[in-house]
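Think of it as A, B, C, D, E and F in the order they're written, each chain with its own count starting at 1.
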Amino acid sequence: MKQVRWALAGALLFFGPMARAQGSDTPPTADLVWVALSAVLVLLMTPALAMFYGGMVRRINVLSTMMHSFIAMGVISIVWLALGYSLAFGAAGSGWIGDFSRTMGNGISTSEPAASGGSSALFMLFQMMFAIITPALISGAIAERMKFGSYVAFIALWSLVVYSPVACWVWNADGWLFKHGALDFAGGTVVHLASGVAALAAAIVLGKRRALIHREPIPPNNLTMTLVGAGLLWFGWIGFNAGSALAMNGVAINAFISTHMAAAAGMIGWLIVERIKTGKATALGAASGLVGGLVGITPGAGFVAPVGAVAVGLLTGAACYLAIGLKNKLGYDDSLDVVGVHGAGGLLGAVLTGVFASEAANPAVKDALAGGRMELVVKQVVAVGAVGVYSFLITMGLLLALKAMGGIRASAEQEDAGLDETMHGEAGYNLY
Amino acid sequence: MMKIEAMIRPQKLEAVLEAVHELQLTGMTVTEVRGMGRQRGITYTYRGSQYTTPLSHKVKIELVVNDEMVEDAVRAIQEAAGTGEVGDGKIFLVPVADAIRIRNGERGEPAIS
Amino acid sequence: MKQVRWALAGALLFFGPMARAQGSDTPPTADLVWVALSAVLVLLMTPALAMFYGGMVRRINVLSTMMHSFIAMGVISIVWLALGYSLAFGAAGSGWIGDFSRTMGNGISTSEPAASGGSSALFMLFQMMFAIITPALISGAIAERMKFGSYVAFIALWSLVVYSPVACWVWNADGWLFKHGALDFAGGTVVHLASGVAALAAAIVLGKRRALIHREPIPPNNLTMTLVGAGLLWFGWIGFNAGSALAMNGVAINAFISTHMAAAAGMIGWLIVERIKTGKATALGAASGLVGGLVGITPGAGFVAPVGAVAVGLLTGAACYLAIGLKNKLGYDDSLDVVGVHGAGGLLGAVLTGVFASEAANPAVKDALAGGRMELVVKQVVAVGAVGVYSFLITMGLLLALKAMGGIRASAEQEDAGLDETMHGEAGYNLY
Amino acid sequence: MKQVRWALAGALLFFGPMARAQGSDTPPTADLVWVALSAVLVLLMTPALAMFYGGMVRRINVLSTMMHSFIAMGVISIVWLALGYSLAFGAAGSGWIGDFSRTMGNGISTSEPAASGGSSALFMLFQMMFAIITPALISGAIAERMKFGSYVAFIALWSLVVYSPVACWVWNADGWLFKHGALDFAGGTVVHLASGVAALAAAIVLGKRRALIHREPIPPNNLTMTLVGAGLLWFGWIGFNAGSALAMNGVAINAFISTHMAAAAGMIGWLIVERIKTGKATALGAASGLVGGLVGITPGAGFVAPVGAVAVGLLTGAACYLAIGLKNKLGYDDSLDVVGVHGAGGLLGAVLTGVFASEAANPAVKDALAGGRMELVVKQVVAVGAVGVYSFLITMGLLLALKAMGGIRASAEQEDAGLDETMHGEAGYNLY
Amino acid sequence: MMKIEAMIRPQKLEAVLEAVHELQLTGMTVTEVRGMGRQRGITYTYRGSQYTTPLSHKVKIELVVNDEMVEDAVRAIQEAAGTGEVGDGKIFLVPVADAIRIRNGERGEPAIS
Amino acid sequence: MMKIEAMIRPQKLEAVLEAVHELQLTGMTVTEVRGMGRQRGITYTYRGSQYTTPLSHKVKIELVVNDEMVEDAVRAIQEAAGTGEVGDGKIFLVPVADAIRIRNGERGEPAIS
């Protein structure tokens, strides 16, 4: 059963030197093109996230917020090549963390023709794009008030002590959650749940924005940018999910369709609830709902058939709308609703994957359902719980340590004048 | 000399420009502003929370004119900018002590004609 | 002749279970990658359209206008999966409309490895992207004054009663226009002509914008966004046209080059006429002209050689410039010139396809020209006429019915204050 | 050795009718998909450049600056198809310039199925995208003050008298620099060095902007657009570099990874120096540094291993920061730092390619290093010198001639009021 | 009649709107401005060069009120907008000769009440 | 006390800020405006139709100064902002009744020094 449950994990075998039987008559070049295409699509998601987030903050913090995403592309790429990939996908006898066998690009050959099956470099690269966007997602929770230097230190460390271990548990063939047997096609748990829960911890440690405390308005500076960012996220997410099949085949095509349908349905789900509750269907709601639907389908894209994906999208879109209301009740300041969208959406998506996984979408689901659907749902919940608790506690510890070492929050003056001006010495717009 | 300051609806700016032009007044300054008045404010929806601001979009125009032109100008603006609905705006008359044309240093009435 | 005239229709055969002879030594995986890549490129065209259109309206309607495109992604995706695809590509004995055999994703298998030829799911998906953008194109004609709810109802219905039937006529192997024998490589008639003519009907039913009546200025809020949208449309259009070959082969490569050349020449064609007429070459002209060129080459991309494509682009770019002047003469308010660009461009492109189709570009053209070039041009005109008349009448009826049922136009107050504020409760920008 | 040194040049063989041995069991369809995908990615780079540059100028010149890129897409596409491609890649017995055998699309067949190896059309197209962006890069140096008509004439001529010859020298199998034996994987010399040096000549001939002379502030109008443009450049550059392998293989994958790593490291390199020098890490710095890193790795992407690429990126990012200071010392007005980024980055990248080229990345490097690393570095310097001197002198001559024929610079009035208003009759934004 | 012109911190606008509302003053106009004062200016970094502007973001509010309301209004604004730090801004009192309500031509005090 | 209001060319703002600084005047407020005057307007081209607006981009500066500073300030602005070409702009002098520093409630001359 192991080899079918986790599509991504197959990659390790696929790209491994012995994956292709001799005499195979389907050379994998087209599959490599598909994965490379997917990697470049996922690469674009982080600039897209910069737009999505950047449009929602006040004008005085637009560059600061976009920098949170861009700097992740700079820093995490290097961290991942140097160490993170090895911790996630190196040999992990214990099931908890990889060894140092693949640090600094070691053991990741690109020089042999890929067609002969000798290269795992593309897998390392594809995974790098996931490693980049995950901490960038967290940045939405701390927008408009965190020191830039502290943020850089935080994401570099977080990537090593939270992301890499969790990726190891879930995607490494030796990982304990991999063996446990939950379904996570493209990172619902590793990417969205882990970042959503980390966002909660970060929002708590950072505290509320001064503008929120003083009830000053916090108008989004440019919702057109947020909409375009959401559109580009949709575009890139096809690579994220359908590329996670690591080959062009029926599962990849199913993942493409289901991803698309869930995004569409997520938009509709959010807008319906919003219209009922406020009387208006908003553009930001459309953008948020489609992202919610995409988050929801991420763990199930390769397991859930298109009609099921519509259900997943509708439910996640609606649920995310309701979940973002929590912050007002519970009193944390999750600036851009990372907890509500990625935390809640990631959690619900994992559970719904258990509910809607279907053999019609992916024959591998047969094995996953061997113990009954209820058992699968429970496994999903266990995976979510383990990752959630780990990410929350370590993030909390990490930020408290950084805080003790010199503070992680901008000064009141910096916050009032805006981080663009005070931390980066820039203004987003000089339009007039 | 008097400065005529009027807050009007943005979509009436064009008509006011024409009206002013017809009076042969050649100078005027226009600023985008937001105004609070009797007009209902705007309610913004943001991810489930709603926020109402009393401010709506207006345009402020400023013309410095000779005293004898004041009433004509006021009437012209009023006619061009009015719709009869709440939110049409106000005109204020502010006394001006002097005017200087930067280009050549002319002062007083010649500077604004 | 039938199997060569319509590149798209080939898809039904191509993806059908028996398309690949046993022992075939060219597995289609690379072709699937090409179609999937093309689908994701076309997916991006609707956000690109949101930018292209969004930049041209007044600031007070920017989100409303962008929502017209985004909501199409939400609504039409579901309509298409549920019903539209079946009406277009189900069995259509009559030649007029498909049956219900493929509703709700039925009969569209993704679970078998695509390499064995068992899946038409990717074709359904690729077609979905076309179905999404077509009604979104119409939205340019009704920008700045239509009720959001009515718009949503309109595009959902239009997709079922206009788009699906027309797609059936033209692309379904049973379709009457398919059998008639005109050339439409990637949707000049189905997408551009149908939407351009519907736009005319919609502009007439909706009536003029108050600002136009009162001769208030209607300045485009952000031409940089329009330019970037045009750039992304160009990018996505490669998938639209070259992907319509449904395989990576000489026809696809020709379509790529011809599409690119027509976009370039469309820009130049527009700018030359504009410079002559007004003395200025504008940025909006460059953006509009390139879109005009792309519209013009859409029906002929796979049939016209690169040098012919330059001619098509130059002529369509110039013609679109002249066609947008019509609205002032005829008195309808086509806010963003959908009639002038997609209607006129689609019409001219269909005719020019007959004129410039060349065997050098595609051997299949030989058969199309069997009866002489004049006969082909006449066939093109018949196809255009049939689709045009149908789309105009049904759109008219649909909108008049919706109007009778409660009004489709925003109130005067809403229009004056802008739809963003009054319908969506938002403002596009808070930049200062 | 010839067939291994220049990855691009391989294309001529690859796509040539005899490239594929009969009985070959790896059909190139997947490779064609990869190249087509890369071409569409590079296509997007010019709109991305429009954003990158457009955001940095004053509001009054934003459209004018974006038009510099867009018009290159219109004009150069046609120039290249008509003549430029033939001059670059036609038969070039002399080693200096191609003949007229491939003008007007002659001899560039698309009609045969690419799978049978009969088409070089895709190569012509892929190369067209490079030909488009190169003169557009120069436009950064003359932003805010050049006449639009003169600019159009300039890039059309420059493309024919500078770009095509240089491309011939370096990439044509007959070219003298091709035979000389330097390494330029994806255009460090042809694209970046040639345009960076031309930018210097152009800045000198055009003279300083009035605003600079009068010490008026020149604030960037929209750094969010510049950031997004940089993100899209990163995305497109994968096609630029990894597509230059002209096949999906180990070299392409290495190029993808190295390109990505150099962009990341370029960002970090710039920000570190900037933080040390000014105390701030800016968003514009992140955008500029990543572009610098991409420029630096362009010649070496297929020859330098990922860890080497990190070094190349760090060094080029830092060096570009320092190089842009030159203009203040030397007194030319290179508006958007084309000399500092593309000139200096292209030069340094060429040298560093010699330093870091490694057999682990590409077995072909073995031959290149046959004479020792120092010899290779010297060859790199010679190539850079030849291209640099040629581009500088011809650009200078071209602009002086255009100047003599009626002036190339906007009038003082136009410059003060902005080129958008005075040359294009438009305003970028009407946001309020 | 007097026009109260105040330059305040942007983030204090909300509080001032409320304060003004409590005084039952129904009219006000708001403009985005940049101000130079004792407050330190902003230093922008642009690719290595640095540029300092003395201007910081401010909001200007204008209310025309009856003479007897002036002191109340000034006090209310001062309380709502003040932080005690440099950069709080200024209030200026500018005499106004007359006011006209565009909607119906009312003049004088009725026009602003 | 007098408020000096000047509409100037945007590109002259920098020079005016310096000139004002040299006079030791520490306060000033700047607004982006559009102005109609003798200067030719702008013709916009939009897909074949053309539209001419009489408005061009200007910057408005406002300084409240003591009466004795008025002439110096006017001269300084005039010199810094002038080019001698049509469109240089105007300076208006508007009497001010009082000034209040929000930070500490100071009134009158101390408030603006």
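Here, a residue touches a chain if its C-beta (ideal position, glycine included) is under 8 Å from a C-beta of that chain, and two chains touch if they have at least 3 such contacts.
Keep in mind the model is a prediction, meaning the values are calculated, not measured.
The fewest steps needed to get from subunit B to subunit D, moving only between touching chains, is 2.
Between subunit B and subunit E, the centres computed from C-alpha atoms are 17 Å apart.
One simple way to say how far apart two chains are is to compare their mean CA positions; for subunit A and subunit C this gives 33 Å.
Subunit C and subunit F have Cα centroids separated by 51 Å. For subunit A, residues that reach two or more other chains under the stated contact definition are 29-30, 33, 37, 217, 219-220, 222, 278, 280, 282, 284, 424-427, 429, 431-432.
Counting partner chains per residue, subunit E has residues 31-32, 44-46, 50, 53, 94-95 touching two or more of them. Listed by label, the pairs of touching chains are A-B, A-C, A-D, A-E, B-C, B-E, B-F, C-D, C-F, D-E, D-F, E-F. Residues 3, 17, 20-21, 26-31, 64, 94-105, 111-112 of subunit B are the ones that touch subunit F when the two sit in their complex. Across the complex, subunit A is touched by residues 44-51, 53 of subunit B.
Of all residues in subunit E, those touching subunit A in their complex are 9, 11, 14, 42-46, 50, 56-57.
Here subunit A touches subunit B in the complex through residues 217, 219-220, 274, 277-278, 280, 282, 284-285, 288, 321, 324-325, 328, 337, going by the rule given at the top.
Those residues of subunit D lying in contact with subunit C across their complex are 27, 29-30, 32-33, 36-37, 39-40, 43-44, 46-48, 50-51, 54, 62-64, 66-67, 70-71, 73-75, 77-78, 81, 104-105, 108-115, 118-119, 121-122, 124-125, 128, 148, 222, 225, 420, 423-432.
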